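Heads up, the next two complexes both have chain A, just with different partners, chain B and then chain C.
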Partner chain A sequence: MSKPATIFIDGRKIDAFEGEKLLWVALRNGIYIPNLCAIRGKEHPSGSCRLCYVQVEGCSEPVTSCTLSVTDSLSVQTRSPQVDRLVKSAFELLLSHHRLGCRDCAKRKSCELLKIAKERGLKMKLTRLALLDQEAEVDDSAETFVFDRSRCVLCGRCVWICREVIKVGALGFSRRGIKRVVTTFQDVSLAQSGCIECGLCVEACPSGALYFKEGKKPAAAGQCSCRGG
Partner chain B sequence: MNGNAAAAVRERYRKLEADAAARIKAIYNGPVIRVGTATCGIAAGALPVKEAFARVVEEKGLPAKIIDVGCMGHCYAEPLVIISKPGFPSLCYGYLDEDLAARLVDDFLINDDPCYEFALVALEPNDVFPTFSDFPRGVYEQKIVLEHCGFIDPGDIDHYIARGGYGALAAALGKAPAGVLDTVKESHLRGRGGAGFPAGLKWEAAVKAGPGEKYVICNADEGDPGAFMDRGILESCPHQVIEGMLLCAYAVGAERGYFYIRAEYPLAVERVRRALEQAREKGLLGGAILGSGFNCELEIFQGSGAFVCGEATALVRSMEGKMGIPATRPPRLAQSGYRGRPTVLNNVKTFAYVPPIFNRGVEWFKSIGTDDNPGTAVFSLVGKVAHTGLVEVPMGTTLRQLIFEVGEGPANGKAFKAAQIGGPSGGCLPEAALDIPIDFDSLQEAGAIMGSGGLVVLDEDDCMVAIARYFLEFTQQESCGKCTFCRLGTKHMLDILTRITEGCGEPGDLEILEELAEDVRDGSLCNLGATAPNPVLTTLRYFRDEYEAHIFEKRCPALMCKELIVYYIEPQKCSKLCNVCVGSCPTEAIYTRDDGLKAIDQEKCVKCDNCLKTCPPDYNAVIKLSPPGLLTEKEGKKA
Partner chain C sequence: MPSIHVKRGVFLPLLEGEEELIRKSVSGVLQEYEAAQENLIPILLQVQEMLGYLPGPAMEQIAAALKIPAVDVYGLATFYNQFRLHPPGKHQLKVCMGTACYMVGGRIALECFERRLGIKEGETTPGREFSLERVACVGCCTMAPVVVVDEQVEGKVTPTRVDGILLSFEKPAAPGAEAAGQKGEDAS
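Right after this comes the complex of A and B.
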């Protein structure tokens, strides 16, 4: 077991262990830091969503809390003008490539984009950026759920669950740059892929990209391990 | 290693060196023609020149030997050859073609007339012809990495050994690895991949990572537009890099290393492969190197050409067969790199500095350059500059000296506008910033970066908005897409820049562009994303007026952005006797007016620039106008 460490988040004294990632310590203690790509249990954080910035005392630039290892007497602020600016910018960038229209989104009650907007007082609309074109098609070939890529934020939670937890590997990242997508091998439909419809990716998805069809939510849906415990 | 074993290693090397020196001396007892056949030479036509030499030499039954050498850095004058004939200084000739090759054989090799009128420079000091040090460029240049490039046959290891090559390795094998590490640390050698991280500290971190399997990787994934230093070095003197890697492997305790070379560099791959084979044959690579207890195997890994794979973590992932995508750090590669093992990854040039540092000593190395940036800087000097090529100057040389003395300034008498330094991750510096010294820290302060060393000279005809857009388009296309800022931020920035260059810029665009650029810089996951906005940020800083002209006046000051210019034939300069432009126009937009002069039908014009290029210098009647509205004014006058 690693050594205990006392740290300060927004001035609050918190007990943690050295080497833990700050993001998880904060969330465990009820302090919210926006995040999408963070996966508990994933040894090497992806660091791709760029939302979990915090300000470390004695450090001029904000750092991502998912990669920040706790050391004793570490002191961080979850908000600062620089942090707020980066979070606001990253959030608007994600929205510029995300089909809005929350009213008819199946995930509107559990959407983490909405949660971030609420927590940080951000608008769910584009203020300075144009909406980027999306050619995404909706894959509703699976029996129990739908994959709507136009709402995917590329956090990678579904990919991790599918590959590392269920070990099916039906989903993966493909292509580069602005064309990066979550897809199946050779872009076949989910029904043609190796998907076993365990439904865990749907529960892991923070946005409306993966959602259960009406009345198809499995009764014994497991607790998604990427966010749990 | 005990004293006897060290002496045995030295003895074995001495024999290798003596044999190589004797063989090379025998070659130079007769006439030798060295043909520069690096990629730059081949592109300029070196292979037919070499064949012409071979043909004529054979026809005349001469004893001359023809040898392939790499690039000596004077790429503007390719194809280049060096002719050595006993009794004459070795002379270098540029701009060769097959006819000149035949003539040089006849006049020089047969009739003892060295044709000085075609010679560029002599290699050795002599009474008849100037040497490199007699030219302005020679005053500023100092070659460490490029010392042998262009003068030795990269395909024959004896050329390198005869010049003392692998001597540093032989000497180092007699010392403890810790001593080798100390030398590199004391030299303050900074990594030449772009960030300038001290090589010694990187190596030390790998040592401290503990015992066990370790790797050394040479990053030759050079992918910046306009940069070809690493290619030039690998094609011209691969053994110097191999020796540097072996010294590193010995210092950190690695027994395996890799050259990560992009597959688009087939000649570099071939020459490195051959060099590795020859080093193995000589006992300089593989098991028990030079009879010592040190084993090290080097291999080539060919990258598939993704720009982002030049980033260290992405490079390692791609070698492991995964997607070439950067990972968060820590851990550093020195702790957990290739296959999860401690890995030292350095640029080609960094490794190439190591053998000279051992041969000539730490003090010598530190005497070159500046205190914090010892040594030299290698640049590929390209763009609108008279003397393009590979140049090497001490750190601390100013950009002005580099561009105007070494490169002899902009070509064709045009006015200098900017130096784009450090590739798509670098920045554009204006004339006023040219007096800053070239080193890692000063360039960063000015908003550019040293990068791996591409330097593109831009002149008055280059629109800075279009240039910024060009480089951003490159990084946007090469973005791996993993992180939000780089994937989406560069896309929005590119869209805004495209609008501006097309004349659709709006007030407020610059503010958004600048904000986004700063956010991408501060928020991206890897350094490629974080440096991608540099071309935009520096052009906004130094050339904001050009952006404003595009947005508010719909005018491109450099007359480069197609949507913002029109072509116009000035009637007072045009001649009835000339029809050249009419023939050159691919869309039949140019017609002959009733008075016999030519005019352009703007509806049909596709702005291909042909008419402007073909209009004879006597008339120079075709001009570009921006904003396009000026046309009505001009045509009004005519009527």
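Right after this comes the complex of A and C.
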């Protein structure tokens, strides 16, 4: 059991444990910090979405809270002009390869991009960047759900669930840089991939990339543990 | 508008007897290494050296031995340019994308080949006749844009030249046939 620590988030005194990642402490205490790629229980956070910045007292640059280990009397601010700028840019980068069209998106009620935008007053449109026109196929081969890559934000939650929780390992990342995608072995369709259609990846997906087909949402939802507490 | 094309991988069928060869080669390589994830790259490199590329069954066999999902092996093989996922063709076309070549139309040459052969860079035509790759500077920038055809360096590769290069393979390769093929059309 690790040592207790007392920390301050936006001036609020909070009890935590040393070594915990700040993001989870904040979320647990009802303080929202935007995040997409953080996965509870994942030993090495990928730190790839760059949305979870906070300003640490005594540090000149903001740091990502999903990788920041708590130490006693740590003091952070969730907002600062620097943090806001970084988050704004990271968010626009995400949108630049995300096919918008919230009106017809199956996830519009639970979409975390919309949540982040609302929370931080960010625009759901591109102002400085051009849209990457992705020629992505929609995979509707699975019986219960659809994978629309053009809305994938590469958070990796589905990959982690499929591998670490369900132990199927149908999904993974492939290629790199601008071509990075979530895919299956040799890009086969989900139906051919060994996927057992447990649906947990669909529940874990923060965007409209994975969604259940009409009327196919399983009744017993919410066993997914990646977001935890 | 910038665009990226990440199309579904199209993989050629194996040749007769190839599966057996793959299994044997991979088993051989696997015996030399401890079945640990950190050996994945050396294993893949060695398998590729033996087979010329990384066929699907090889990646699956390796994944099973290392007890990791096959998609992880695929992810790694697609991450590094070093790895080939398609068999080398009988004729290998390497289009230079070094700075000099890129600036004077290397991209155009590559696209011409892609269109003419009906494949994308990194792929191989169905009969395994041609494989198409991009390479970095091959050291003869003055001849840019450069294409290495098998071991032969071709300079100033304009779209007409692309046609010429491909035409030269249509007849039983006689030296000088390319030039003839290229001019033949206007002459007739």
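In this section, the second predicted complex is superposed on the first by the 228 of 229 C-alpha atoms of A that agree within 3 Å, B and C clash if a C-alpha of one lies under 4 Å from a C-alpha of the other, contacts with A are read in each partner's own complex, and residues count from 1 in each chain.
Note that a residue touches a chain if its C-beta (ideal position, glycine included) is under 8 Å from a C-beta of that chain, and two chains touch if they have at least 3 such contacts.
Quantities reported herein were computed from a predicted structural model and do not represent experimental measurements.
Peer 1: If we overlay the two complexes on their shared chain A, which of chain B and chain C does A:T183 touch? Say first, second, both or neither.
Peer 2: After superposition on chain A, A:T183 lies in contact with chain C alone.
Peer 1: Name the contact category of A:T67: first (chain B only), second (chain C only), both, or neither.
Peer 2: first
Peer 1: Counting only touches as set out at the top, which of chain B and chain C does A:R85 meet: first, second, both, neither?
Peer 2: In the superposition, A:R85 contacts chain B only.
Peer 1: With the two structures laid over each other on chain A, which partner does A:R163 touch: chain B (first), chain C (second), both, or neither?
Peer 2: After superposition on chain A, A:R163 lies in contact with chain C alone.
Peer 1: Touch check for A:L126: first (chain B), second (chain C), both, or neither?
Peer 2: The answer is neither, since A:L126 touches no partner chain.
Peer 1: By the touch definition at the top of the document, which applies to A:A136: first (chain B), second (chain C), both, or neither?
Peer 2: A:A136 sits against chain C, while chain B stays out of touch.
Peer 1: Just chain B (first), just chain C (second), both, or neither: which does A:L171 touch?
Peer 2: After superposition on chain A, A:L171 lies in contact with chain C alone.
Peer 1: Touching A:L100, do we find chain B (first), chain C (second), both, or neither?
Peer 2: Touch partners of A:L100: none, neither chain B nor chain C.
Peer 1: Identify the overlap between the chain B-contacting and the chain C-contacting residues of chain A.
Peer 2: In chain A, residues 130, 132, 173, 175-176, 178-179 are touched by chain B and also by chain C.
Peer 1: What part of chain A is in contact with chain C in the complex they form?
Peer 2: Interface residues on chain A, with respect to chain C: 130-137, 149, 163, 168-176, 178-179, 181, 183-187, 193.
Peer 1: What does chain A use to touch chain B in their complex?
Peer 2: 44-51, 53, 61-62, 64, 66-67, 69, 82, 85-86, 89-90, 93-94, 96-97, 128-130, 132, 154, 173, 175-180
Peer 1: Quick one: which bits of chain B touch chain A in the complex? Just the residue numbers, please.
Peer 2: On the chain B side, the touching residues are 306, 323, 327-328, 330, 476-485, 487-489, 491-492, 495, 512, 515-516, 519, 522-525.
Peer 1: What residues on chain C touch chain A, complex-wise?
Peer 2: It is residues 1-9, 11, 56, 59-60, 68-75, 78-79 of chain C that touch chain A.
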